[in-house]
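In order of appearance the chains are A, B, C, D, E and F, and numbering begins at 1 in each one.
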Amino acid sequence: MFMHNKKLQYTVRVEQGNPQLATLMLEQFGGPQGELAAAMRYFTQALAEDDPGRKDLFFDIATEELSHLEIIGSIITMLNKGAKGELAEGMEEMADMRNLTGNSTSQTQAILYGNGPALVNSSGVPWTAAYIDTIGEPTADLRSNIAAEARAKMVYERLINLTTDPGVKDALTFLMTREVAHQKSFEKALYAITPNFPPGKLPGDPAFTDLYFDMSQGEGGDVRGPWNSGELWERVEDRDAQCAVDGGDGSATVLLGERELQAVNAFAERTASVPDSDPLTGAELGAGPGAGAVKTQR
Amino acid sequence: MFMHNKKLQYTVRVEQGNPQLATLMLEQFGGPQGELAAAMRYFTQALAEDDPGRKDLFFDIATEELSHLEIIGSIITMLNKGAKGELAEGMEEMADMRNLTGNSTSQTQAILYGNGPALVNSSGVPWTAAYIDTIGEPTADLRSNIAAEARAKMVYERLINLTTDPGVKDALTFLMTREVAHQKSFEKALYAITPNFPPGKLPGDPAFTDLYFDMSQGEGGDVRGPWNSGELWERVEDRDAQCAVDGGDGSATVLLGERELQAVNAFAERTASVPDSDPLTGAELGAGPGAGAVKTQR
Amino acid sequence: MFMHNKKLQYTVRVEQGNPQLATLMLEQFGGPQGELAAAMRYFTQALAEDDPGRKDLFFDIATEELSHLEIIGSIITMLNKGAKGELAEGMEEMADMRNLTGNSTSQTQAILYGNGPALVNSSGVPWTAAYIDTIGEPTADLRSNIAAEARAKMVYERLINLTTDPGVKDALTFLMTREVAHQKSFEKALYAITPNFPPGKLPGDPAFTDLYFDMSQGEGGDVRGPWNSGELWERVEDRDAQCAVDGGDGSATVLLGERELQAVNAFAERTASVPDSDPLTGAELGAGPGAGAVKTQR
Amino acid sequence: MFMHNKKLQYTVRVEQGNPQLATLMLEQFGGPQGELAAAMRYFTQALAEDDPGRKDLFFDIATEELSHLEIIGSIITMLNKGAKGELAEGMEEMADMRNLTGNSTSQTQAILYGNGPALVNSSGVPWTAAYIDTIGEPTADLRSNIAAEARAKMVYERLINLTTDPGVKDALTFLMTREVAHQKSFEKALYAITPNFPPGKLPGDPAFTDLYFDMSQGEGGDVRGPWNSGELWERVEDRDAQCAVDGGDGSATVLLGERELQAVNAFAERTASVPDSDPLTGAELGAGPGAGAVKTQR
Amino acid sequence: MFMHNKKLQYTVRVEQGNPQLATLMLEQFGGPQGELAAAMRYFTQALAEDDPGRKDLFFDIATEELSHLEIIGSIITMLNKGAKGELAEGMEEMADMRNLTGNSTSQTQAILYGNGPALVNSSGVPWTAAYIDTIGEPTADLRSNIAAEARAKMVYERLINLTTDPGVKDALTFLMTREVAHQKSFEKALYAITPNFPPGKLPGDPAFTDLYFDMSQGEGGDVRGPWNSGELWERVEDRDAQCAVDGGDGSATVLLGERELQAVNAFAERTASVPDSDPLTGAELGAGPGAGAVKTQR
Amino acid sequence: MFMHNKKLQYTVRVEQGNPQLATLMLEQFGGPQGELAAAMRYFTQALAEDDPGRKDLFFDIATEELSHLEIIGSIITMLNKGAKGELAEGMEEMADMRNLTGNSTSQTQAILYGNGPALVNSSGVPWTAAYIDTIGEPTADLRSNIAAEARAKMVYERLINLTTDPGVKDALTFLMTREVAHQKSFEKALYAITPNFPPGKLPGDPAFTDLYFDMSQGEGGDVRGPWNSGELWERVEDRDAQCAVDGGDGSATVLLGERELQAVNAFAERTASVPDSDPLTGAELGAGPGAGAVKTQR
């Protein structure tokens, strides 16, 4: 079960109110790479995990991420605190209104959320569990966690670059650093499973594991690197050899029962196109008499 | 630019129609770990990439994933082909209707999509770009790609286990294998950037990089592993030491201007709660006279 | 900050695996009336609240709801535990596949989530912050909380009626009961603000506060009750008196500048319809020669 | 303004309860081609329209679609009425529970919506305004309306084929027929604007209006019809002639300022890939010693 | 059925065009607390309701809310009317373009919706039926309605504070006042059901109805009020007493069948972590030789 | 299968960076009328189509739309290229930050997507497959395609009007022109099916095909045009004649079984409202003693 302590994990000291900076911070509150996504990602993994070490790890970090959600939410609350009071008591003036309309998310935060923190991103898009990619296999989930921490680190890095308030910068640096630490933990946990590649249980088909299909050609299309050449790879450049690599005819087929066949044929007949017609169309009606819109005069 | 060849990259041979199996396959057509998500993930990275090698790599694989989208879509089309004809020509019978209602996604596929392939997952949830986590920094994006390929490999593995049609199994095995090959390419591309950890440019704060917060305690809460102990880590177990790790008081503060302060105070006063009251409430009104619902009689 | 104890708030004893029952339980894990919605509703209110009593109350209940999320997630995990192992190790048989296709959410839980708990509702729709209706005014938010607890209580009541597993029933009854207790707390907190009606600060316009518009007429359209008659209400039944109640002409107007007027007129002219024409249309082209489809022959 | 009459536009006579049939009907209540989408599509057009004839037309049909929404909602309510009572009073038995789990939407309708009509489609996906494609130009909007009516007609046709209850079939046939009538009205309104093609105001560039790019080649890739051949079209089959049709080099370029250039170069240098390296990767670490997983042994 | 009268329920007099103010108004057109949400909330309740008084009430207010949707939509249309004409006829100048890019919702309204009213909120998020919380039990639904009216009243109050156009202010005041009147009606309808608390049919478990769990502790964590103390409540502060309140061990368990157990064990073995290893990880590979990134040097 | 050529279909020459213009362009990248929607619309139709001509047509145009997606994505990338470098290397200055906060989508593009192209619209709303309206019947789908091309043409027209960069204007004109060409192709393909109206197979009921219901009355409510008068139409203006047009009583009924009836009655009794009561309500409690809020004093 969860418990709460009124102290934050990191003290938040905001120099002055700034609703527009608050809006940027929403990215780590209700955005796809934000702290709720992180917390829920690890929490759902913790629940389903049976390995004692990983279960503990996932609960530890899920709980820390909830505490980070509280820190970033507190930053947003402080940045909005004055504006919230003024809005609630009707002290906004027209200058503020014009300011408000300069940014759709700020305006929505004010009008809809009363300048409180809302679980939306910096464009006002509500958080969705579609952001969470837990699939219930640790050799895949740990890779997802590593990547998620890398992304969250980047978003904090960008926010730090855009902030001048020293207290906010300080708290953001703490939060960014913890993402690096979490990435290290997940890396260790991944490699403590042996083997962990390929993920899951089924092996690939050796006939197709080492092929590299050069699908994009033309100038700049044949750059070589360890990802597509060297002894690990067999490179397939020929367009024909890229098609129907199983040696078949590259078509899609199904066997139909008699009733099915009859229906499919009836459908085909009802909706058959007449290729050698030249029907008058709505576009031609719409272009009007003598109009050049349908057939360009050149 | 893209071009298209009528041949599939892999021949699809479906033994017989099976709309319910088609529904499962939707997971790789319009699901979060499916081929459209993969194609769009790499395509958006390719557009923004300047490094010639990675730009080529991302276009190569994006294009191959589009070809895989076509394969899985062709499997779904074949599995539904007979049912589509019967529906269109009104040849469904009540037995089929009852069958239809056994599965919401199948029913939606029939009624709404006419048994064609739709970009929804196996629960009928429409595909959303919220599934794509490209953030525009290669040391993070490549980790996201590695993780995405691992997840897609797992979903194919599960679908293969649930399929008995040999042609479908065969095509799915090809598709699963290619995810393994792609993961290998992305791994090579990540480690061809030196250094690539931590991702991005800003270093972490050394004071917090190696701390491990033991946030989840109690029985099973102190399992040790390389992710939380050893020389890499400094473990913080004490609850007080986990709070306000910056040495502050763990509160959140902001300096308010005079007008702001006045507004905040007016708001506070207007909405102040009266702690030592015992107000009659709507619940008590609603519980009715003599009802034990509000205060339990024990 | 948050802390975690490995013990649940309530012991979960599941008699036997049952993935389909697990699917129903998702409604309280990732559904609109579920525990994540509750926790996030109160957590966002707690962050923005300045009144010490309500801030404490919101954190207390938010934290308890997170602990409830863990309980319901643990129930789902237990119900799915066997199925998860079988899926992961490829031990599913065709009978299970057919079973799987009987329910889209169950199938998605297996294929996409590996039978782990996912933040989706019982139809597989991902949780969204659009479910949260915190608006940052306590006299409104507390009413929202009261209503939310009432709804959550009902969903638990329905789940209890549909469950025969005694351990699950027992835990659900605990969770349902807590919603009743929370509703009582929120009622007390609402009425500890005096006055709290109407919510907010601006009074209504006395001219329109007590009118009841009888908008739906016909048989059954004039039932009287305290909600539309009695001394509190002035009932408006006349259709004409329901229109333009300000005494104006009921139109919508705006003053346009010259450039605007010119543009509006140009637009109007370009897209003017010719009312007294009888143009040949695409539908008539499409109906074919002599077809009765466009003008029914009667 | 809107008014309501307790009589439906069409009498609904349902033979017996059938929650699963109710679920199918949701497609026209809260689905993308359903009546709410239709009503809101025309209502938003009516508000913004200045042409008196079209404004009247859009309000007429928007209002009728609201009345249709009421009819389809009443059908759903009747089909669920018995089940709703049994659920509410706890009279469900286990047989019903198992039945319930056979269909995720039915189960959600019961547990979450109490067997009332909900604005979701037959998969349980909530209605979204993303379904509405009004763009505010009548020559485009009327074409959208024509298409929307055609789609709605098809969904009703499919529902009729799947229904045996005569009263439901009867009401559905009325609703389907009205879609045909509405399509006719919108066709007339489109062609009463002269010219209406191409939509909007700007003409196309004559150099590209009549080209047909044969982008998909191979077997079946050169079927001719009036859509790609004949005097209206100039067919472009040569792959090189399909690229860079403006006669340029087909690249994308931008002029950068000095500071921008410096930044772009710094970014490129920091994240440069080393093409001729062969770095050890995480996949190789993960495959374990002697494993054939990374380089297939053949 | 619904009917429509061309007169609005309230006359709309807009002083001058103002697309940015129009954007704010969207909150009550296509936002979560807006008029479509209100109308659909009561309309779905009306359809499923059998009680004659409440059915009438829900239809009356649903119809009035549709008329309010028309008023707010007319305000938006008037505020955008000039801009719509200028956009359609290509009369925008660059100054306007820069203005346009100052606000994402305004820009989307122009480009995508042609400056017509769209069912999105002030951030451009499309309306979704996920906003509607009807669950089909009147003692819960009426509480939801009361809360919804309170929220809508607040949003109108905020919009009024941000508006200086007297005609807009006037219409908004009417709309705000009606929300107050509706709240009163729903209150009367709730208390006309006796008893109405707790909602639904099942009583709570007396063992847990009156407990208050003090989950959030530390400074500010023990504020007392009628919501957590007094004779109604038994306060639980001890952390151990908050866990496993049923007296069990606070774990989650399930009985597994033999085949299930075998699968679970195979899965555990395959993915077991090796706690006392210290594996080389991808992060260490990526940090490069001699780098301090993985283990901080202090 | 798909192939890729590094050359674009149209050369992109951007004069200078402009992130705010990039934001507007997103409408055609990840917006509802954008190129991904177009490509996926035709691609899903191509997969399910059996008619050789239409299958070829849908693949041709789907492939071209993918190439257009690449063009518009390249424009966005060029407009953002400098800003991307500056952000990544931390070279943003405060002036830029303020600039950034002027537009929520631009800010999200920077912080979340690193100034790369993202599949969102100009308000930052992620692309969703809910935009695609393929239903699997060619006589409906072709009408949807015609309408979609008309809408896309309009969005390009508006973007062209808002752009001064000649290279961008040039590429947009090419893209706009191709939408006109595609509309012509789809028109020809529709009318090459004979008959194609009404779409689908079932005829309408002649009793209701030609009725026009004058649902919206009052001033401006009786404008005549070919869409509602003339020999094609029978106009129904009388309000009573608009109700229950089947000649029934306009009610909704269902036959209930005995157990169902018993349940429905129990539910009705439990939740019956007492119409002639005047219960004290929560609103009255909340208005406080002597307050005029509940009953207005006039």
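The rule is short, and it goes like this: a residue touches a chain if its C-beta (ideal position, glycine included) is under 8 Å from a C-beta of that chain, and two chains touch if they have at least 3 such contacts.
Nothing here was measured: the structure is a model prediction, and the numbers come from that model.
Asker: If you apply the touch rule, which chains end up adjacent to both chain D and chain E?
Answerer: Chains in contact with chain D as well as chain E: A, B, C, F.
Asker: Sort out for me whether B-F or C-F is joined by the greater number of C-beta contact pairs.
Answerer: Ranking C-F and B-F by C-beta contacts puts B-F first.
Asker: At the place where copies chain A and chain C touch, is the share of residue numbers found on both sides over half (same) or under half (different)?
Answerer: Mostly same residues: over half of the interface numbers shared.
Asker: Could you grab the centroid distance between chain B and chain C? Build each centroid from C-alpha atoms only and quote it in angstrom.
Answerer: 22
Asker: Let me have the rounded angstrom distance from the C-alpha centre of chain D over to the C-alpha centre of chain F, please.
Answerer: 8
Asker: Would you pick out the residues of chain A that each touch at least 2 other chains?
Answerer: Residues 1-9, 32-33, 53, 59-60, 62-63, 67, 74, 77, 84, 88-90, 102-105, 112, 114, 120, 123-126, 128, 130, 135, 137, 139, 146, 154-155, 157, 180, 183-184, 188-192, 194, 197-198, 201-202, 204, 209-210, 215-216, 218, 220-221, 223-226, 232, 239, 242-243, 250, 264, 267, 270, 273-275, 277-285, 293-294.
Asker: List the residues on chain E that touch chain D in their complex, please.
Answerer: Checking each residue of chain E against chain D gives 1-9, 30, 36, 40, 43-45, 47-48, 59-60, 62-63, 66-67, 69-70, 73-74, 76-77, 80, 84, 88-90, 112-120, 126-130, 132, 134-137, 201-202, 279-282, 285.
Asker: What part of chain E is in contact with chain F in the complex they form?
Answerer: Answer in residue numbers: 1-7, 50-51, 53-54, 87, 90, 92, 94, 97-98, 100-105, 107-108, 110-112, 114, 120, 123-126, 137-139, 146, 180, 183-184, 187-194, 201.
Asker: Which residues of chain C touch chain F once you look at their complex with the stated criterion?
Answerer: Per the stated touch rule, the residues are 139, 190-191, 194-198, 203-204, 206, 209-210, 218, 223-226, 230-232, 243, 273, 275-279, 282-288, 291, 293-298.
Asker: Which part of chain A faces chain F closely enough to touch in the complex?
Answerer: It is residues 20-21, 23-24, 27, 31-33, 102-106, 121-125, 154-155, 157-159, 161-164, 215-221, 239, 242-243, 250, 264, 267-268, 270-275, 277-284, 293-294 of chain A that touch chain F.
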